[in-house]
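We just call them A, B, C, D and E in the order they show up, numbering each chain from 1.
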Amino acid sequence: QEATIGFLGGFTGPIESLTPPIFEGAQLAVEQVNAQGGILDGGELAITSADGACDATASAAAADRLINTDGVVALVGGLCTGETIGGFNSAGLPGNVVFVSPASTAPSLTTLEDDDLVFRTTPSDALQGVKMAEMLLGKGIEDIAVTYVNNDYGAGFADALVTAFEEGGGTVAANVAHEDNKADYRAELGNLIASQNLVILAYANSSGQTILRQAVESGNFTTYVGGDGMVGDALLTGIEASMVEGMIATRAGAPSGEATQLYTDLADEAGLDANATYAPQAYDAAFLLALAIEKNGSADREGLSEALREVASAPGETILPGEWEKAKQLIAEGTDIDYQGAGGDLDFDDAGDIDGIIIELAIEGGSFTEVGQID
Amino acid sequence: MSELVFFFNQVVIAGAVLGSVYALGAIGVTLIFGILRFAHFAHGDMMTMGAFVAFILAVGAGALGIQTPIATGFIVLPLAMVIAAVLALGIDKGFYAPLRRRGARPVTLLIASIGVTLMIQGLLRLFFGTGTYSFFDTQPKTIFRIDTSAIGSTRPLVVTEPQIMLILLTIVVVVALHFFLTRSRLGKAMRAMADNPDLAQVSGINTQLVVRVTWIIAGSLACAAGTMLALDVTLKPDLAFNILLPIFAAAIVGGLGQAYGAIAGGFLIGFAETLAVFNWTLVLRPLRDVLPEWLELPNNLALVPTEYKLTVAFVILVITLLVRPTGIFKGAST
Amino acid sequence: MAVIELKHVVGGYGGAPILNGVDMSIEKSDIGVIVGPNGAGKSTTLKAIFGLLQVTGGSIVFDGEDITNAQPDRLVPLGLSFVPQEKNVFTTMSVEENLEMGAFVRRDDFSQTMQWVYHMFPVLAEKRRQPAGELSGGQRQMVAMGRALMSNPKLLMLDEPSAGLSPRYVIEIFETIVNVNKEGVGILMVEQNARQALAFASRGFVLANGQNRFTGTGAELIADPEVARSFLGG
Amino acid sequence: MSQDLVIDVRNVTKHFGGIAAVEDCSLSVRRGSITGLIGPNGAGKSTLFNMVAGNIVPDSGQVIFDGADVTGMPPHDLFRRGMLRTFQIAHEFSHMTALENLMMVPGDQPGEHLGNVWFRPFSASQRERDVRAKALDVIDFLKLGHVRDELAGNLSGGQKKLLELGRTMMVDAKVVLLDEVAAGVNRTLLNDLAGNIERMNRELGYTFFVIEHDMDLIGRLCDPVIVMAQGSKIAEGPMAEIRSNPEIIEAYFGSPVEVA
Amino acid sequence: MIRRSLGLFIGLFLLILAVGAVLGVPFTTARLLEAAAYALIALGLNIQWGYGGLFNFGIMGFMMLGGFAVTFISYPVNPEFWGSDGPWMLGRALLAFAFGALLVFGARKSTRLGIRGGWHVALTILAWFTAYVIYRSQIDPAAAYIESSAGFVGGLGAHPVLGWLFGGVLAAAIAYIVGKICLGLRTDYLAIATIGISEIIRALIKNMDWLTRGTLTVSPVPWPSPLAQDYMAEGYGDTASLLLSRGGFLALVLLVLAIVFVLIERAYGGPWGRMMRAIRDNHIAAASMGKNVTARQLEIFIFGSVLMGIGGAILVSFVQIHDPSSYQPINHTFLIWVMVIVGGAGNNWGALLGAIGIYFVWMISEPLARAIFELVSYVSTWAGIGPIPEIESRSAQMRVFVLGVVISVALRYAPRGLIPEYAGPRARN
């Protein structure tokens, strides 16, 4: 019996350069499932993608195609939060389809009415914001200027960060929203110079990069900080690396544990960048869905959400990235399993969120390098 | 004094740079409108395409080991402009000329140019993917930080090499264009044709030639504008499409068909955008101590919040049009 | 030798032909005047000569050269010049620039010609810097003629040059036309001020339904009672 | 005043930039007359018409129409009050057929209101038939029958002029302003037209205010004739009187052309 | 002409059938529904441009107004807001607004009191400024309060069809104001002014978080007809419920479209349409022939905008999310222009064909591009060059290319549109 899962992501639009590696992450999981015996009774697991364009409305049509034309069992995606919500509400909820987003981080997803169908393999920005605040305060940074892209992601993230930072005793000297996709942000930057520490919460392919470059050129700032949307090496094209050496960033990640190491090896083997933003999370999402389908015993949508919860959370025998054969075996035997992903433990709470790990990155020698977990 | 320098950096330089890009783009839009009577929507993507041409040339030059004192992007610009002009002629021949021959209305040409814009966008992404490129990957971008402590400022005056070049180029283009349009036979023929194509034809003006010249000018200026923009920011497939609306606004505010109008409009829109969101508190700060207690400076004294930045450009546009319905320089209309 | 010769020209605007076989022949010394009812094809005949519409039959020979369906930018340098009936000035350009455009195909110094035009129409000299769009109907007509004369044509074609002119200027325009003709420029014009025009025409053509009805000298046509009644208003 | 003035222009002035097109001009048109307006090119005749018909607002001065001050009133309101004009440069509706050009003229067509179109279609179509019949009559009279269904943009220059004139026959206007209708119209047809104008004046009581350069026509139709030069009225009287005024002859008529 | 139109519609029908066969009936139903909403909007533009010659490039703004309207009317009531001081404060802001409006109005009419020239201008500007300050002084705290206490004002919980109507009304009201200000402008100047206004509307809807939740999006917006979930709850199967629910919605939209279509066809065929064409052709002459050009253009502008508002509302109802940031000139305003021009401006059948046809092309362009790429990739692999990398991204990005080609080809062979405006004698009625 065969099964198809969908991938919904912004192949065009503001994160178009982040999307392909994320998709490859998901594909990697699917390849491994197929290489290790396939799904159910030897069927092939397929993955098919649609372009949600990081936009709620475009995503509605894309999700509709995946769900009602391609008939996918479940979906990895969307990436941007608006994309996930748009796709889910218009096609996911009516179609009773599980969405596992590897990247939608906005807090608004937590409260979405979803019939227990929406999950994510990355922690909410409610966490990332707090962690970022703690990290900055820990480094002795006492005042920041924040600029965020004016969407659910940026606004939610900024909100969490600012609250936490102020509660922790820091000063937010300026907090300015900006619109995506402009050629020039010098004016916005002019309103941010009240602090020398600039926090940019935006997408690397779009405003994030331009703002960073123009900030560097203006010479008004000394420290640069970015959120998950900024962590892509595309960010640094056209910026003299030495000027942003030491830029700090955060994103969801996993501690350097066994699972992460395993994934890194797998990715290297497949010729993928193991550090690509949200690629591990996408891998996890796809792998989890495969496990859930296996657990559910059929390529039906019915019951998948419970199955997903079961395979993802403790108790159970630990399954690590790539261990499909073992997992399949255990499921067949009726043993409970607990997937420990490349991006963390992945124990879903009631809202389908995970309590994840936020890692710190820094630019060293012209590219992002992991510094370690923020605790 | 720091405040003044800050103002200069934030408003004068930024506005001039933005204004120059808008102006260079808007000249092409306005000339095409004048001669061919339609709003050329693909102009933004012609700019991007031109920038990619320059980029390929620059990379090629780099690969050949050619080292240049100023950024290679500038050195290759003339060649890139020639290629862009040829491409523009090709686009006209392929997509607009057949429609003109069949006597299509301006709006049809406008929609055709939307078609062209979509095709260019698709092709650019096909060949260059969606990533960002920079002219300054291999060579550093020179940033001049002029120490202004002499006038008592703690901030440097910051201006980059591409910005200087861009402003210089704009001046050169403006002057050259002025002489071309008012002195040369061909320039006058262009104006005549913009005015009354049938009569121009009757006067023995080779209208085909005028159309070709228009595309050459528009194409090469688009290339220059795109390349300059890419040098100033970065190169990506949606580089100029995003500034298409302000460019059109500039052309319209200036008066369609009026080259000088386009320049004025470009700078008007550019400065409006930067001024509207400029935070006056930063300039007024030295007055902090003089001001009475009750008149405390708020944190943000910008005319509008930054999210309404583009809105300001359009409000100016609408108001200008209400006062002068065909733009500052009394433009043409179909 | 005829400066222009039309042989059984057939043509139109894409639909049914408007000209159904027009014959015409003008010497360099001639003033030819075409008259006829509205919609007869008079303007169309001039446009056909000037390559502004598709000629599907017959031939047009100018100064010994076949110019059937030739484009205007080839005809003007040959010495053909045309003043259309409507929209015949560049409204946004100054009067002077309008005249310059008339001399577009000339490479030599045309200031003499321009002086001559200003001399003929003193109003234009006064308004030389003003956009032609701001002139009164009659003034525009003068600009249009001036523009056409600037190319030093061998044959000047005029579509109702006197329309909208005050009597005094009608007279002046006609005098100018006669003078221009004396200097060796053939004239072919359409006129509704038919009596006045035929009075000095050496060739007259009455066109109706895209065909020649009567041909003769101006005086002959005026004298013909049939022509007078049907076409010249009694 | 003993005379019944339907149009009374009082001291109007209109400047375009630096040029005074009309300068402190006063003139009037008697009800039931056919008043001519002549003058050299650029005298300001058309500009004056534009001000009377509401297409241009005067800089100063007043326009009185039928006893009411209508200065600056938009053209469509003047039309409703019974004024109709033609244009020197034909203003046809080029993408509509000749017939439609005429059919759109009558005011107050019920079918021009969406409410009637949707909810009272009968009254609309009733009127439509009448309008059409009338338009067909006018078309025939103008000898435009063969181009009835041709787009007006494709008509010859003179045919457009005829259409322009035809509009005035579509409605019962109190006053009709004709701006050089004769220019470009075949003389034989023009004779018929002149006859018709006279008839409309006599039988239907139309008042005509006519700009014309064709002196035969003016002479035949108009009394009185007003002469304008450089933006203001310089003379008024019957044609014979005007013709004999040496100043006007010099400025306006010129001497006949010598035959080559 | 009739033959050709019929052929084109049959072709379109076949295209839809083919899409249905390849991509499934539920998918096709949904796209057909959206296409119908776009058709409504295209008809609105056809009225404005095709009949009225008004170069409206602010379609997106009116669609957004419709989207906002239906969200506001049909989204469930937010008790947190109504239980707080919010309504109070909003009421005050509303009063302040009314007061401000009165001030401005008064200043503009001050000529009656003999205040003229420079003083009049100065007074007007002062009135505008005072009104702005007064309004801001009330709305800013209200907005901040609502955002922090209740999130946003929520909806009214009424039936979505009421929301569509309100979308039309709201669009009409704004169109009235815009028209009053801008309709004096000619062609391209009007175009850019309306683009400007739609950008302003977008900025407002996107940033008035207290009213619209701005970029945080509102969902799910309710449907006017039963949802698939409802049918499922009644025990229908998955596919059946989906078909039933979408079919129901589609029927409703088609009904609206049909009514609108008949109404405007009627109007256009008669004297009203003739008058509008006359105004479009030559407004100076039309005015001299007694047509109140300004009023008529305003009428037509509002009429068209109402349809845009309703269409925008239907689209939001259907996708169930109101996301102000997903509105882009390129796929709202320009796409609709493409529909009307390719279809045939001035001809309602043309606009209908163009809207549905272009929308379907747009929808299938991605799978189509992907299929082409896969073929090429297959060939290149076979030829030893290797497969095309990143097929998914590239094909997603190529969809714009496909649309571009379709536009160019269509215009090349039918410059006046597939079913052009009929100019010539109209049937005797």
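Please note the rule applied: a contact is a pair of C-beta atoms (placed from the backbone, for glycine too) under 8 Å apart; a residue touches a chain by one contact, two chains touch by 3 or more.
Owing to the predicted nature of the structure, the values given are computational and were not obtained by experimental measurement.
Engineer: What chains do chain D and chain E have as common neighbours?
Structural biologist: none
Engineer: Please flag the chain sitting at the greatest distance from chain C, going by CA centroids.
Structural biologist: The chain farthest from chain C, judged by C-alpha centres, is A.
Engineer: Quick one: report the Å distance separating chain B from chain E, using the average Cα coordinate of each chain.
Structural biologist: Chain B and chain E have C-alpha centres separated by 30 Å.
Engineer: From the mean C-alpha coordinate of chain A to that of chain D, what's the distance rounded to whole Å?
Structural biologist: 75
Engineer: Just give me the whole-number Å value for how far the CA centre of chain C lies from that of chain E.
Structural biologist: 53
Engineer: As a quick test, compute the distance in whole Å between the mean CA positions of chain B and chain C.
Structural biologist: For chain B versus chain C, the centre distance works out to 46 Å.
Engineer: Give the residues of chain D touching no fewer than two other chains, as numbers and ranges.
Structural biologist: Residues: none.
Engineer: Show the residues in chain E shared as contacts by 2 or more other chains, in ascending order.
Structural biologist: Correct list: 206-207, 390, 393, 397, 399.
Engineer: Which chain C residues touch at least two other chains?
Structural biologist: Touching at least two other chains: none.
Engineer: Give the pairs of chains that touch; include all such pairs.
Structural biologist: Here the touching pairs of chains are A-B, A-E, B-C, B-E, C-D, D-E.
Engineer: Across the complex, what residues on chain B touch chain C?
Structural biologist: 185, 188-189, 191-192, 194-196, 198-207, 332
Engineer: Can you check the complex and tell me which residues of chain A touch chain E?
Structural biologist: Against chain E, the touching part of chain A is residues 11-12, 16, 19-20, 23, 49-51, 53, 55-58, 60-61, 64-65, 68-69, 71, 82, 85-86, 89-90, 93-96, 108, 113, 150-152, 154-156, 180, 301.
Engineer: Within the complex, which stretch of chain D touches chain C?
Structural biologist: For chain D paired with chain C, touching residues are 16-17, 19, 38-43, 46, 88-89, 143, 147, 154-159, 161-162, 180, 183-191, 213, 215, 251-260.
Engineer: For chain C, which residues count as touching chain B in their complex?
Structural biologist: Going by the criterion above, the answer is residues 50, 52, 71-73, 75-77, 82, 84, 87-93, 97, 100-102, 104-105, 147, 151.
Engineer: Okay, in this complex, where on chain A does chain B touch?
Structural biologist: Residues 12, 16-17, 150, 174, 176-179, 181-184, 186-188, 190-191, 193-194, 205, 209-210, 213-214, 217-220, 234, 237-240 of chain A touch chain B in their complex.
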